[in-house]
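In order of appearance the chains are A, B and C, and numbering begins at 1 in each one.
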C-alpha cells in the first residue's frame, strides 16, 4: 500500500498529461510460476539447441578450436545433459502444476481443444485472404496457442524419451538407439524451425511487439492488446467479477 | 577426407623440429651416425631429387640428424637399400621390408626383419592374398609405406608434459648397469616411443578414409564407402579431438589385436565378429573402458550408419556405384545383410522419410500462416492510419 | 530510486512506461532487427541443409579423390598436392617445403627440379639449384669480363651479401651472378627480365604453336648456348671463386678436391655418351 502511494505521487505529472491512462487496466496472461516455467524452459531450450547442434558443425570449422576442442566438447556434453535434466524436471513440475494448482487447472481447461478452434482457424485464413472483414474473436488461448502447446508437449516427450534412451545406451538394442538418435535429431530440427517460424514471429516480428514482447517477464498486457487479441476472453472477464479478481491487475497494484 | 601428403609432411616437420628445438641433455647425446658409406656426400643436399619416368616426384634428400633420431636411425642406408654399389645408382631396387637388416633381434638373437609383420599382413584383409587365392586389383591395396613413414622417435618427455626431467631420471637408472649410454638411450627411446600412439585419432581416420571413403575403389573389392562413419557419435568425439576418442582402430584393433592382422567380420579372430563384440565395445583390458556395461543387444548392432550394402540388399539397384564392376559388392551385400538388418534399415529410412515430409508440411504451414498474418496486420495498420 | 524499482516491476509494458523512453529511430530499429533476425534465418537454413543434404561436406572430398581413369591424368596432376610426394618414407625438413619469395624467375616455368634430360646426373644437377641461381651456370661470363662477379641473395628478402651462415646446400640465400654497370652500380644478372617474363606469361595462352616456338627462342635469347660445366667450378682456381663468397678454406679444398673432380671424370668417361655435349670440351 505504501509503495503504491509513493508511486502514485511520483507518477503524478504523467497522470496530468495522460488523464485517460489512469484507469488503464493490465491483464494477467502469465502468473509467476508460469513465467518461471517459461523462463527456465526457454533457457534449457537454447542451451540444448546450441550444444546439440554443435555436433553437426562441419569438421573444418571444429578444427579451428585446436587444442580447446576436447574441453569444448566436455562442456558441451555436460551442459546438454544438465539442460536436458532441468527441462525434464520442469516438464514434470508442469504436469503437477496442471493437476494440483488452481491456476494450472484453469490453464488446462482453457487449453483443451474445442470445435471453435477449428472454426477460428478457417475464419482467420479467410480473414487473411480478405474474404472476412474482421478476424475471429479469441478466448484466453487461441488455436495458435493450443497448437503450439500441443507441439511442445509432444516434442518434449519425444525428446526426453529418446534423450534418456541415448543417455543410458548400453542397456538398449542398437536398433532402438538408432531410432532414438534419428528421432532426437529430426525432432530437434523441427522444434527449432517451429520456434523460429511460429513463436519468434509472434513475439518479435509483430508490429506492436518490436523488438520483443515482454509478457514473459511482466506477465501482463494492456487493455488495448487484450481487446485486439483476446476479445472473447476480455468480454468474459469484464462480465465476471470472479475472473476480474484473477486476470486484472491495476497498473499501480 | 583425403590424406594429403603435404599434411603428413607438415606433421613430420613440426614434430621433428619440436624435437630438435626442444632437445636437451636426454636427446643431445644422439648424434648423426658416422656416414660410413658416404651417401650423404650427395644426399644431404635438400635439392636432390627429380621426376621419375612415371612423372612421380622423387625426393632423394635425407636429413641425417633427423634420420639418426628416427625409428631406423641405427641402420646404414644399404641395410634397406640393398645392392646399391654403383654411382650413378643404375642398379636400384625397391626397398623390401622383409629384408634381414643385420641387426640382432635381442629376444631371439636372430637377424631382425619385418617379415613376421609382413606375413601376417599379407594374410589380413589388407594383404594381397596368396597364389591360390589372389585378391582382385592388388594395386589398390596399401603397401607398408602407405601407412608407415620413418618417424622421429618421440621420447617419454612428451607424454607427461614437455619436461625432460623424466627421461633424465629414468635413464640415469638404466646407465648404472647398461654402461653404454647411447645404447641405453636408444633402448629408452624405442621403448617409450612404442608406448604411445604415433597418430592422433583424427590422423587415423584421415589415413583409413583416404582409401575407405573412395566408393569406387571400395566397390571393386565388394566393400562400401565408410563415409557413414561420420554419421556416428564416435566421429563427433574424434572431430572435437577428445582424448581417447573412438577412431577406426579403437574398434577394429582393440587391445589384444594388431593392426597388421585385421580380419574380415566373418572371421572368429576379428574384433568385430559377433562373438567378440561385447568385449570390443567394453574395450576389456584397455586403458579406457568405453561401454563397460555393454549388453549383447547393444554390442551386436550396427555401428557405422547404414550404407550402400544394405540398400543393395534391400533391392535398391540404383544404390550401386556407377562406372565400376559392382558384382562383388552385390554378392557380398546379399551374403552379409541379414533380414533383420534390412528391416532395421527400412524402418529407419521410413522414419527419416516421414520427417523429410512432415517438417516442410508443418513448417511450411506455419510460414504461410504467419506470412498471411503479417500481410493482414499491414493491411490493418494502413487502414487505421487512413482513418486517422 | 523508488520510482525505478516500481517501473521495473510494473511499468514495463504499460504504454505510459514506454513514453518515458526515447523511442529508437526507424533505422536503428531496422539495424537491431536485422542483426537479430539474420543469424536466426541462417541457422534455420542450415537446419534444413542438415535434413536434406546431410553429406554435402563428405561429397566435396569424395569428388577430389576420384580415380585418374575418369578424370584424365592432367586433371589429376592439377589436383596433386604439396611439395612432398605421397608415401615418401624419409623425414622431410623445412628445406623442402619452405616458400622462397625471392627466386630466379626461371623456376616459375621450370619448377624446382628443372634438370630432367641427363638421366644419370639430373638429381645431382638439381640439388645445385638449392644454392645456385640458374644464371650462375646458364649465363656464361666472357673470359676477360672484369665486371662480372657473384653474390649471395637472400631467399626471403632479396638482400645481397658476401657471406652467409650455413653449409652443405642449406643456406638462407642463393648465389647469383652480378655485374658492375657503367655507373659503378651492382646489378643482378637476369637473362630473362621480369617484365618480358610477365608479358610472356600473360600472352602464352594466345600464342599459336609457331608463335610459341618463336616466343620461346626470344625469351631464352640471353641464355648461354653452353652452360658452365661441373669441372669448370670444381677445380682449383676455376670459374668460381669460392673463398670470395665466404666458403671456409677446408670446404673450398673439398669442393675442388679429387673426390669430386674424380667423380665428375668418372661420369664423363662412363656415363655420358659423347653425343651429349655439355660444352666442356
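Worth pointing out:
Operating definition for what follows: a contact is a pair of C-beta atoms (placed from the backbone, for glycine too) under 8 Å apart; a residue touches a chain by one contact, two chains touch by 3 or more.
Keep in mind it's a predicted model, so treat the numbers as computed, not measured.
Interface comparison, A-C versus B-C: the pair with the greater number of contacting C-beta pairs is B-C. Comparing per-chain C-alpha centres with the mean over every protein C-alpha atom, the closest match is chain B.
Distance between chain A and chain B, defined via averaged C-alpha coordinates, is recorded as 48 Å. The geometric centre of chain A is 60 Å away from that of chain C, both derived from CA atoms. Centres computed as Cα averages put chain B at a distance of 31 Å from chain C. Chain A has residues 59, 186, 189, 193, 197, 205 in contact with two or more other chains. Annotation for chain C: residues 51 touch two or more other chains. For chain B, residues touching at least two other chains, in rising order: 1, 230, 355, 359. The part of chain A that touches chain C in the complex is made up of residues 3, 6-7, 10-11, 14, 18, 21, 24, 26, 53, 56, 58-59, 185-186, 189, 192-193, 196-197, 200, 204-205, 210-211, 214-215, 217-218, 220-222, 224, 249, 251-253. Chain B makes touch with chain C in their complex at residues 1-2, 4-10, 12-13, 16-17, 41-42, 44-51, 55-63, 66-67, 70, 87-88, 90, 95, 143, 145-146, 148-152, 210, 213-217, 225, 227, 230-231, 323, 355-356, 359.
Those residues of chain A whose C-beta lies close enough to touch chain B in the complex are 55, 59, 62-63, 65-67, 69-70, 72-74, 124-125, 127-130, 135, 169-175, 177-179, 181-183, 186-187, 189-190, 193-194, 197-198, 201-202, 205-207.
Listed in rising order, the residues of chain B touching chain A in the complex are 1, 230, 233, 236-237, 239-243, 291-295, 297-303, 344, 347-348, 351-352, 355, 358-359, 362-363, 366-367, 369-370, 372-377, 379, 381. Residues 2-3, 6, 10-16, 19-20, 29, 32-33, 36-37, 40, 43-44, 47-48, 50-51, 57 of chain C touch chain A in their complex.
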